[in-house]
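Following this line, the structures themselves.
Same chain, two partners: chain A is paired with chain B first, then with chain C.
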Partner chain A sequence: MSKLLLYVRQALALIREDKQFSAIYIAGTAVAIASAMVVALILHIRMGNIYPEVNRDRTIYVGSNFTRSDGGYIGYSGYSPQAVEEMFSKLECAEVVSAVMNTDYIYSFTVCKEVGKQEVPVSAMFTDPNFFRLYEFKFVEGKPYNEENLKNADRCVVITEALARKLQAESGLVGQTIQLNYLPYRVVGVVKGVSPLLKETSADIYMPYTVSDSRSHWKAENVTWAGGLEVRVLLKKGYTREMLMDELEPYKAKYLSMLKSTTGEDWNWYIQVRPHWRRVLNFFGEEVNDASTTDLLANLSIPALFMLLLLLLPAINLSGMVSNQMEARVAEMGIRKAFGAKKRVLLNEVIQENLVLTLCGGVVGYLLSWLFIAAVRNSTLFLSMFGREYDPVDNVSLQLDMFFTPTLFLIAFACCAVLNLMAALIPAWTSLKKPIVESLNQKK
Partner chain B sequence: METIIKLTDINKVYRTEEIETQALENVNIEVEKGEFLSVMGPSGCGKSTLLNIMGLLDEPTSGTVELCGTTISHNLSDNQLADFRNRTLGFVFQSFHLISSLNVIDNVQLPLLYRGIGYSERIRRAKEVIERVGLSHRMKHTPVQLSGGQCQRVAIARAIIGNPEIILADEPTGNLDSKMGADILGLLKQLNEEDGRTIVMVTHNEQQAQQTKRIIKFLDGRQIQ
Partner chain C sequence: MRLILKNLWAHRKQNGWIFAEIAIITVLSWFMVDYIVVTNYGNYFCNPAGDFEKDHLCVGQFGELRGELEQELQERGGIPYEEEVERYQVLKTKLQNLPEVQSVCIAFEYIGENLRLYDWRSFAPADDTLKITSASSKYYYPNEHFFETQGLQTIEGSPAPEVLSRELPQDAIVITRSLAKQLFGTDQVVGKRMAMVNNMYSPEGNYYEVAGYHTIAGVVEDVKGSPYERYPYMAFVPTNYWASNRMRLLLRLKPDVDAGAFVKKHQPTLTHDFYAGSYVLASLETYNQHFERQKERNESALVNQLATVPLVLFAIIVVIGTLGTYWLQIRKRKEDIGIMRAFGASKIRIFCTFLAEGAILTLLATLLGDFIWLQFAASFDILSDGEIRGTSGMENDWISQFWPHFLIISLVIFLLLLIIVSIGVALPAWNICRKKIVTALRDE
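Right, the complex of A and B next:
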């Protein structure tokens, strides 16, 4: 520990001694790390466990794809409530199953507390009650709608805190009626808002999918098991996507034969069982039913390479600077060796000194990346990266828990370490290989 | 008396593509424990090369070096040589060779740091030797804030902090005025007489050399006296 303190003190002395070098080093590091962190932040927001999607690593999205055997395609990409009940309600591997109306489509409404009062444009999601179990919503007031509400198509809603504030009723709104597209809906719960960057869960209002104006959105009339509902499964711990696929397999033959008898044609049916990451990360085109683990690594390798490139380019420049600085410190290395320092120890010293500088740059870079995202958070381009194009009632796109996570700290630290190693190790090693006498005689 | 340094048939040749320079030629020297030896000669005669070979900072082209009864062969690894230098040798250089980014106390404790001694013990011993060279009031100063004489005192403190048997001083007064030079020589004599340390000093100064116990002279890489 005391050795480390000595290195830190020397690093700080070096910063003071060569302010220009230190400033350029820290700025270069900061820009490199900020660039890499922006990529990491976007990845984290898309893939990490973030409120209320805190179980993304266990969440599976089940879609459906029919093709005629002659290659033609039918557009049903989801399930009917009947199919949800039949296929998914007794799954061994599922902890929670929820059915949600397709979230690719944005359902826009206007809402006001009473007719004649200020109208607020909102986005809505149509879900079942299990939605609030699968995702861990924090209820600041009230509770979710229940199975009865779903069955009876009750006009009841769960709204966000931000919308409640907008309706000038921060508390006490539960049990009251609000106007949604001029129809009365009863508020049953108020939840902490979800960032609009979280496509699968963010909305201003949540309501039972049976309330939807157009039943065809969630139920196909001619094919009993097909519809507009997407099924989301929270796997029990220890269960895998493949186990879920195995459990669904028996329904395939049954439904295909039913489809043939209805239409008189042969069909292929792919049950798309995709983990969360597959919804947000797909660099290699999409096979109908492909989402294997190796695929995840291949997909992650693209942003990883991009991050490495972002780190490598400044590292090459910094390496040149460190190399020059090491040249100036060759005599010092000679002195240290003369008094018994081993190469390995000196190498550690150089790395640790540079690590202090890199960490300074890392902290600045981390803040820069945050500032950058804060600056662009409402831009169309940024939102489109997360599949969102609407304005939320309240801007909650930057929530602290999205940024202050151990994973991101580890990524930032790893970026610092990689950059440091690339920039400092080679010039330091070259300098340390010089004979002591040559080092001692080196002019500063 | 016990022989602490023994150089046998030492040759050192510097080769470039065009030229070959014989820096040392068949040098044989024995230094007794507790001796204070001066090495004299004109510039380029091989004095510093000799000191570097004695201090394991450079390798001879041929010949053997024996320090404190240990024959230094090519088989010793870099780490073993580093350990040997750390425990047995202390260096004082003409241009001080202090680390400019470290203050006095950090410069002085350097050999103990590489010996793996704990922080509090390092600081205690550093304070002790700094006091001995009369610089207690300058512990937190960096080398640029010190005079040449003070820098050389720091260098001596650094050389003795690890209690080495041998101190090798390469023109320790070369960059100092006569008064400071006399002070530094006095300090080295004190270390020799009071502590019994063996000192080998390279110098141009005949007057200072006369104050040591033995003088050897070099010319063109050969020992002439």
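Right, the complex of A and C next:
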């Protein structure tokens, strides 16, 4: 500990002695750490547990693809309400099962308090009541719609606080009626808004999938389990994706044999079971049902390599600067070596002193990465990284849990350590390799 | 020159780092700079002279107001086709009767409508179906004043826009002057036959198949399907397919009307003033507003931005690198500079010497980087073609030829890096040049 303090004191003395060098070194480190941390932050926002998707690590997205024996598709990538009822609701490993309507085909929506009043363009999601259990929405007012509402196709909606404000009703909107695409809907709840960067849950308005749009009842003519609903499963703690797949197998076999007897032809049914990370990270485009840990690590290696590259270029800069600095300290090193200091000890010392500077730059860089994300959050390019390039939103809100997690802090520290090693190791070692006599002669 | 080279060699250890960094950045920048230059060349330098007038164009979207009529609609099982057509025509007539409006057309597609999804097909002369050129193609409704409203001008020898907008034979097609010249070697092609060709895929390899033959009914002045296209190859195909979800309104205002003011005047009361049964004019905006938004969301614009981000980062890294290296290096050379000044060298001369050192370093490093890149470029087809889709592959501009393309992009990269390195060198160099001779010598 005392040794560490000594290194810190030595580093601070060096900073005071050469302020210009230190400022440029810290700036160089800050740029490197900021660029690497922007990648890490984007990855965290896409994959981490963030409100209301606080269970992303246990959430599984289930899709479907029925094909005839001749290879022909039926054109439905999801399930019918019947499949949700007869198969998914009976799963042992599922804590919550929610069905959400495939929104790829949804038209645009506008909301106003009364027809003729100012219309607000909004994004909408068609869900079941379980959606509010799977994702932990905070209700500011009211409560979610219930199974009864879903069954009766009641025109009721849950809206966000931000939309309530736009409709000039800070509170007390629950129970009132708003016009959605010129049709009256009753507001049953107001939730704390979700950042548009969370594509799976972000919307201005949520309503039962049975309302208004007949697509929710889509059913292939013969294949009664195929439809327009995407099923999202929250696994019970201790259960895995593979267990879910095993549990689906008997249902699959039973349904396919029933399908054969009713239609008279053979069918293939591919059940797509994707954990959340697989939905947002697929660099190799391989079979989506392969979502093993090895696969996850392979996919993470791409952004990791990119981060390393972002650290490498500034590291070359910093190496140049450390090399210059070591030149100036050659005589000092020569004297210490003459008095018996070992090369390894001196190298260790230089690297640790340098680490203090790197950490200072790391803190500045970490702050810069937050500022950068805050500054570019509304740009089309940034939104495109979250699958939002074609439905831009006016103002992207950011949440604290997007920036503060122990994992991010550890990544930032690891980046500093790697950068420090890359920058200081070679120049320090080259300088320390010089014979004592040559070092002492360097500066007469 | 000898002095500059001597100085570079004397500080080779420090300069080596910055040299390596510039060389690596040259190689990495090639991907981005090549794409950006080629794409923006198409955007800014390939604008056809006969482009249509956009300042007096507006676009509108139809909407459906289903409030009170929904019960009736459900009972009737939707609106019959004839009634639907009639309602659209009523809306169109209402707009046509406005004093500010010159012409209105119901458009299936129009230029700049959806740059993300714009369609392109392959065409060839009917008697030589191997001479293929890809072109952006748009469908339009006959008898809808499409060509006059969009503002397309016909060339000499071709029927007037009003004639082309009327009912034409079923196999008719209208093409741009450049497409005509590319296919037939001349623009006087009215009455000639051309083939629409499909590129077919098979395990044995790709092959072309004629999808249908068309008779050229007219030739219009050059326009591009997308701003990032290099060549104005376009074809307009009449259709009678009535797709209510695809229909848009194009409005051409009289020359003395301000489109912005027109939209502002009508927008607040659109659904009240322009309706026919349950159909309303749901939105109205100027063509320029609409086009700019489309451009912003265009994939090319996104990739452009995406490519610019690392370039900016590289620029910052190089500036900090050269700034740091030269700051430390120049400090060591204070004595030399003092002596040079004492012997009559002017501040500007010394400053220019440093800049020249930076320039030579950049030149050598970019040459090395370009040489490394050339190894890849010669073996693989990696020179960028930008966002081009409409092409015959037989164009002979600089982008299509290897050496001019390689040399121009190399020069652009060198100039960019030269500017960046000069910024990094200039600051410390100017700082030292400003010092008095005595101070410079005393400090040492």
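Basically, the second predicted complex is superposed on the first by the 358 of 444 C-alpha atoms of A that agree within 3 Å, B and C clash if a C-alpha of one lies under 4 Å from a C-alpha of the other, contacts with A are read in each partner's own complex, and residues count from 1 in each chain.
Just so it is clear, a residue touches a chain if its C-beta (ideal position, glycine included) is under 8 Å from a C-beta of that chain, and two chains touch if they have at least 3 such contacts.
Nothing here was measured: the structure is a model prediction, and the numbers come from that model.
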item	value
Touching partner for A:Thr358 - first (chain B), second (chain C), both, neither	neither
Comparison of chain B and chain C by chain A residues contacted	C
A:Leu440 touches, of chain B and chain C: first, second, both or neither?	first
First (chain B), second (chain C), both or neither touched by A:Asn317	second
Partner chain(s) touched by A:Ser64 [first = chain B, second = chain C, both, neither]	neither
Chain B versus chain C as contact partner of A:Ser195, first or second or both or neither	neither
Chain C-contacting residues of chain A that also contact chain B	none
Chain A residues within the chain C interface of the complex	20-21, 24-25, 27-28, 31-32, 35, 115-116, 181-184, 310, 313-314, 316-321, 323-325, 327, 379-381, 384, 389-390, 392
Partner chain A, residues of chain B touching it in the complex	52, 55, 57-58, 78-79, 82-83, 85-87, 91, 93, 97-102, 106, 110-111, 113-115, 118-119, 142, 158, 162
Complex contacts: residues of chain C adjacent to chain A	13-14, 16-18, 20-21, 24-25, 65-67, 70, 116, 271-272, 296-297, 301-302, 305-306, 309, 313-314, 316-317, 320-321, 323-325, 327-329
Interfacial residue positions of chain A with respect to chain B in the complex	2-3, 5-6, 9-10, 13-14, 17, 331-332, 334-345, 435-437, 440
